[in-house]
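Shared between the two complexes below is chain A, which has chain B as its partner in the first and chain C in the second.
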Partner chain A sequence: MENLLEIRNLTVELMTTRGIVYALSGVDLAVRPGEIHGVVGESGCGKSMTAKSILRLHNPQRSRMKGSIRFEGRELLGLPDREIEKLRGSAVSMIFQDPMTSLNPLMTIGDQIADMYRFHARAGKKEALEKAQEMLEKVGIAPAAKRFRQYPFELSGGMQQRVMIAMAIACAPKLLIADEPTTALDVTIQAQILELLQQLSADMGMSILLITHNFGIVAETCQRVSVMYAGKVVETGETRDLLRRASHPYSRALIRSIPGCEERGTRLETIPGSPPALFEPPESCMFAPRCPFAEERCRKAYPTLFDCGGGHLAACFKPLGKEESTRV
Partner chain B sequence: MSDIVVQAENLTKQFPVASKRLGEKPRVLHAVDGVSLSIPKGGIFGVVGESGCGKSTLGRCLLRMETITGGSVSFQGRDITNLSGRSLKSLRRDMQMIFQNPYASFDPKQKIGSAFREAARVHEMPREKAEVRIRDLLREVNLPEDALNRIPSEMSGGQLQRLAIARALLLDPSFIVADEPVSALDVSVQAQILNLMMDLRNKFSLTMLFISHEMSVVRHLCDQVAVMYLGMVVEQAETEELFSRLLHPYTQALMSAIPTLDPDHKSRRIVLQGDIPSPIDLPAGCPFADRCSRCAPQCREARPALRDRGGGHLVACHLV
Partner chain C sequence: MIPVLIVVSVLIFAMVRITPSDPVASMTKGKNVSEETRQELRVRYHLDKNPAEQYLIWITGTLHGDLGESYQYKQSVGSLISQRIGITLSLVILSGILSVLVAIPVGVISAVKMNSALDKFLSVLTLVFVASPVFLTAIIMMFVFALKMGLFPSFGTGNGLWDSLYHMVLPSVALAMNMVALTSRITRTSMIEQLNSDYIRTATAKGIPRMRVIVTYALKNALIPIITVTSIQIGSMLVGAVLVESVFAMGGLGDLLISGIKAADYPVVQGVTLLLVFIFLCINLVVDIFYAILDPRIRLK
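Up next is the complex of A and B:
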């Protein structure tokens, strides 16, 4: 199957006052048409950076990008900014963690959606306002005619996130990048938003790149998942398969540190140490210093991808066998 | 049961709300509405619920960081409902709080050591004793001594939360309110902090009110759990008992909304419609009626009382 989005060996270096930060060092990621693809990892592992790179949302003067990002077969990395701008909000759109800071507090939500649509679809004012109302209905904001004239502060967090989604899907994008869309919301509201995203993906045949730190969300909404650590994808595969037999020691440790599966009051498994600072380009496995299975070769070279079968890949010299990683 | 450290009887906290128009009847927000609980020495009492359900206000009331509208709070057998001034300050030494965001609980420009010493000085702890105690505590939370010479921005969130815990323990308090202490942390760090809290509880037999919006965390750590909705406790029981039979429809919905690692879990999900209603001008009936899938006529008429359904399992629902 032709991939909708294909990222190959993407590196992003950021110039900071404390030196160069190797934010991404060789990310490989592929999103198929119509699938919901999860990206999980801890803070600072490069999940959001990968998402931002696709739409070139970081400061180009202070960063350096190499590698390849192909969207519908077209290379995005060398494109002029004007072309990327055309892509944003139309073929590829994005929603963020905190809807309140993404919406303009001084404009009614209807006007905001209409504005966006007029810009990208080159529509007239009347048409855009009708579209905005239609979109609000589509994301379950009722009654749309009344809500249409409200300001963001009049809506709850969950409703605001629905408005963001309405805006993001108004131009029927092929790919929606959702960067921690439910992290700021309560669990019951989170369940509503995830259900909405799944329904929209199925109805519109839209792919979603769902960035989250919550493995539970991935298990329930994503067909495939990529686990990131220190600026690299360390494991990728079908969600069910990866959860059943996590092959990379990091993925396994991450899954095991979630409370709720073992006896109450017993100690949770933790990962010793903390993630590395990314001031030096990685030459060996970045997880080796924290890995209980690390050997000499892990500290000398970066492991190549190991094929665990069925498109399940792990960047590890010693991928864990089934008996070691069984769970659930 | 062993001796009770903290007890609340029918605790109520209301906040006045500014009227929208001149001459309008003043309105009140019911933040905590008739909550009763007692925490034995060494016990961890969990409070779960969505944002705005009154769980933080409950914690603040128990610490007497708020004035209390109705009901009573007692601490180590002494009624503290109406304490003020100096007697309240002497109480502070025995009660501490840990907050969600560790970066906001430390002064960004103050060295960690200075923040610790300040707490000791305010409560007139002798300096030599304080120094020894600070170093002991750093060892307890697995941090090197040179952490004292750093400022908060040089620490990670997990390290800083350890320091916040150590500082809360500095005065050897009898009661701690932990308000979402792991919500801002990554799962692997969250696991470290939860392990640390369990260790410290065993070692110092800490008594704690643990506030969280995550069922799984509360289930792992706490002995007793109360589920709150719009200021009311809707279900309360020993942890094992509560999780072995969830009786209130809200608790069931809350539990089923949690994403789990089991991909087949979703088929059993109850998705609640709508948001939490406003805690101002609550309806006469059950506060959960508007979102409840099993709502019956009597639910709109009278508020259900919290009744024992056997084994100390309290539920406020007409239909259970």
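Up next is the complex of A and C:
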């Protein structure tokens, strides 16, 4: 199957006052048409950076990007800013973690959605406003005619995220990047938003790149998942397969730390230590210092990808369950 | 607003009288007058009564639109003010418009091109402007553009609309410079804050053209602190206008106020000061209305 989005060996270096930060060091990621693809990892592992790189949302003067990002077969990395501007919101759109601050406080939500049509579909003002109202109904905001004239501060967090989604899907994008869309919301609203995203993805045939730190969300919503650690994708595969037989020690540790997987009364597992600071380009496995299975070679070179079968890849010298999978 | 005005009127009244001055002495300056005449003057201007009575007479008159009679001009303060207020107001309004028209674009450009050579150049330039007091700027401008280059008149107010405007150029630019500096600094800071906010990231991710993101999204949100500073600046411009008017010999309210203070002309000082406070309060009211138009969250309260 042809991939909708294909990221190959993407590196992003950020110039900061404390030196160069190697935010991404060779990310490989592929999103298929219509799928919901999860990206999980701890804070600072490069999830959001990967997402922002696709639409070039970080400060271009202070960062350097290398590698390849292909969308529908077209290379995005060398494209002029104007072309990226056209792509934003039309073919690829994005929603963010904090809906409360992500909407313009001084514009009615109707106008904010209508802007999408005015700039991408070149619609007239009246037409744009009508379509915006339809969109609000589509994301379950009722009564749309009344909500339409309200300002963001008059809506609850869940409603605001629905408005963000309405805006993002207004031009029927092929890919929606959702950067921690439910982190700032309470659990019941979380479930509603995720359900809405799943339903929209199915109805519109839209792929979603769902960025989260919560493996539970991935398990419920994503067909495939990539696990990131310290600026690299360390494991990728079908969600069910990866959950059942995670091969990278980091993925396995992450899955173990989901509450609810163990019996009651036992202590929830955590991963000792914290992710490395990324001031040096990685030359060996970045997880080695925290890995209970690390050996000499893990500290000397970066592991090659291990094929666990069925598109399930892990960047580890000693993938867990290797014996089992070779036995099968 | 009304309680504020009452308190301010008491303060002004008291302050004028606390200063070590004798109106009768300055009225009769250099002349040999009898004690009878002095007493007559005191009675005529109610200076023989106790301060509370004097205040009541003044404030009742003021409420009826009568600010009293000037000791030195023997004219009503109201007519003195109305002869001169036009000059001061047009000076303040002109330099207000001028400074906002320059300051906002300068601030926006500095914010968008943050830390570039252009931004640094503009920063240094505005710092020089903000550091130089308005009378100095006025004198330097007068020296360079009026005396050396002869481009503009160096004093007076001119006749007719165009000639008046022509005479206003140097004074209003001199007065505007200080304000340009501060307003553009505030615009820059406020714009940088807005440009780094989440909703700007959303707008960019939506594919809204950069110009619209900067102007309709960021600038509109950045406007509230800019308006606040501008209104305070316009208030202080009323004071700056006093200085500029005297440098360019324009004979506005500033001139009147200064001569009033020198001559211990209580009604003039009281009247002009109260008027300036009143204008300042009106500006504040207008600003509050602006806030409400701009920000729906303020409207709700």
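Basically, the second predicted complex is superposed on the first by the 318 of 328 C-alpha atoms of A that agree within 3 Å, B and C clash if a C-alpha of one lies under 4 Å from a C-alpha of the other, contacts with A are read in each partner's own complex, and residues count from 1 in each chain.
Following the convention adopted for this analysis, contacts are C-beta pairs under 8 Å (C-beta built on N, C-alpha and C of every residue); 3 or more make two chains touch, one makes a residue touch a chain.
The model shown is predicted, which means the values in this text are computed figures rather than measured ones.
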In the superposed arrangement, does A:L103 touch chain B (first), chain C (second), both or neither? second
Between chain B and chain C, whom does A:E269 touch in the aligned arrangement: first, second, both, or neither? first
Given the touch rule stated above, what does A:M94 touch, chain B (first), chain C (second), both, or neither? second
Classify the contacts of A:M167 with the two partner chains as first (chain B alone), second (chain C alone), both, or neither. second
Among the partners chain B and chain C, which is in contact with a greater number of residues of chain A? B
Have a look at where A:M116 lands relative to chain B and chain C in the superposition and call it first, second, both or neither. second
A:L55 in the overlay: touching chain B, chain C, both, or neither? Say first, second, both or neither. second
With both complexes superposed on chain A, which partner does A:I189 reach: first (chain B), second (chain C), both or neither? first
Intersected contact list for chain A, partners chain B and chain C none
Chain A-touching residues of chain B, taken from the complex the two chains share: 50-51, 156-158, 186-192, 194-195, 198, 213-217, 219-221, 239-240, 253-254, 257-263, 265-266, 269, 271-273, 275-276
Can you check the complex and tell me which residues of chain C touch chain A? 197-199, 201-210, 212, 217, 220-221, 294-297
Note: in the complex, chain A contacts chain C through residues 55, 57, 85-90, 93-94, 96, 98, 101-107, 115-116, 119-120, 151, 153, 164, 167-168
Please give the residue numbers of chain A that touch chain B in the complex, ascending. 42-43, 156, 158-159, 186-192, 194-195, 213-217, 219-221, 239-240, 243, 253-255, 257-261, 264-265, 267-271, 274, 327-328
